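Since the structure comes first, as structure tokens, the remarks are kept for the end.
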């Protein structure tokens, strides 16, 4: 997907404020769930929430107002309880950000859901997507990049 | 410092949206720099910007509108080029979030500044603060916590 | 109340992004309801939501990172269905913003609540506050100010 | 233009937080300036900033996560110093929001620019767009709508 950087996403440093990348990860993740066939809106309507357990974000280069950020997203890992999602953001030929987020599946009472038992069709879709994914293989290498702004 | 969760920081899950913790880290970091004797506003006015190189955030428990989040912040590491800052956020007796951020020092042209040469008085203040800090010693252990919402 | 302008509230123009004043109005309004004896958190828990019907904001002077914005808030009008709230924001001796918002009271099904019948004690508290308020009298004059940036 | 409501734009009321409409107005306005042939990025690069002087927003119906908001934008008035822009936002057949914003043109020192003298080609483009616009004629009628949530 493409996210065009908005003026309201910049800060007085003249670049995108770093908190916005966290939001773009959510945009990309929700599009990923659409592609998976399990729109997030429907999952919540069905009583399953998928909060964020952790994020890890490496800001490699700045971007700013008007830039078109191309976000690639993929499932890196899923053990039935925790799902790990990877992100790479590019502006033209430059990688501006690499990130990973982890999520859990909870019912309305806030209890963990074991997806393999509760929603095996979701697990099957994740497996099919991971089999076809290339980002999943890039799993380990986000730590050796450096901010070069 | 205390950050009181605002209504506009919640989302339709009924809890604080996870992107806001990234912003509270900035609030706490700016207060830390005040305590250090180097207000961020003055550093930028003096031609030094301190962008975020990375963040790592573990969301341990949710919090919501009206909660008073007590944020403890400390310098974990500083090698003269990269500074590492640790955060712990509590609501009453519960730790809701642990986080780490890394930052670099750049001049107006976007080039790295070696702070030991350019601003030795800043480095000295950091060392004094780290000598007196307890969070700096908690450096390694943020990874063994789990979301328990 | 005082709101200290955060770095993440600025934009690349070097000033507070105008959307944040709308959020500070909410902060001030929620504090007003605390003072009224009807905390908003409790009203929602009791099944009453108070969405925004309209806002009108005049940006008179810019403010920026680190500024302490003093926000005065008062009830301008209440007819039992719509409540009108006025705001004045100052940084030191300068008025930076004047604003008005209107709100309605809805039940969980989204239907209008006639507060005089449903919650007469709320209406009485509003009347008492308006009797003692000075901002209520300043009702008409927000339109003759001009941006003088 | 279309803005798809993001999860991070909702609040615990389960709907879009009202501050986001102010941001969407900016998105629409920036697209309008592209259409006008004067991209905002280039104007700022050329030393002209166009801050917001006022906004007036009527929230007519709520919208929420996943909704596609169709935003129509047009120039309502321009006297060479202040430009007035009108907005209408629809989700399917429902008008969810009507709004107006006013803007001034400032140089880098914060002084008013008389656009007719400084940038007559901009004024000509505005006149051509207004001559072809329908929203400009809807100028007066945004006040007789009511929140009908």
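Per-chain residue numbering starts at 1, and chain names A, B, C and D are given in the order in which the chains are listed.
Everything below uses one rule, namely that contacts are C-beta pairs under 8 Å (C-beta built on N, C-alpha and C of every residue); 3 or more make two chains touch, one makes a residue touch a chain.
Since this is a predicted model, take the numbers as computed values, not measurements.
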{"item": "Intersection of the contact lists for subunit A and subunit D", "value": "B, C"}
{"item": "Interface sides of subunit A and subunit B: same vs different residues, half threshold", "value": "same"}
{"item": "Cα superposition angle of subunit B on its copy subunit C, in degrees to the nearest 5", "value": "180"}
{"item": "Contact-richer chain pair [A-C vs C-D]", "value": "C-D"}
{"item": "Cα-centroid distance, subunit B relative to subunit C, in whole angstrom", "value": "31"}
{"item": "Chain centre separation (subunit C, subunit D; CA means) in Å", "value": "23"}
{"item": "Computed distance of Cα centres, subunit C from subunit A, in Å", "value": "36"}
{"item": "Shared interface positions of subunit A, touching two or more other chains", "value": "7-8, 12-13, 15, 19, 23, 26, 65"}
{"item": "Complex interface listing, subunit C residues touching subunit A", "value": "7-8, 10-15, 17, 19, 64-65"}
{"item": "Subunit A - residues contacting subunit B, complex", "value": "12-13, 15, 18-20, 22-23, 26, 44, 49, 51-59, 62, 104, 106, 110, 146-147, 149"}
{"item": "Contact set on subunit C toward subunit B in their complex", "value": "6-8, 23, 26-27, 30, 39-41, 65-66"}
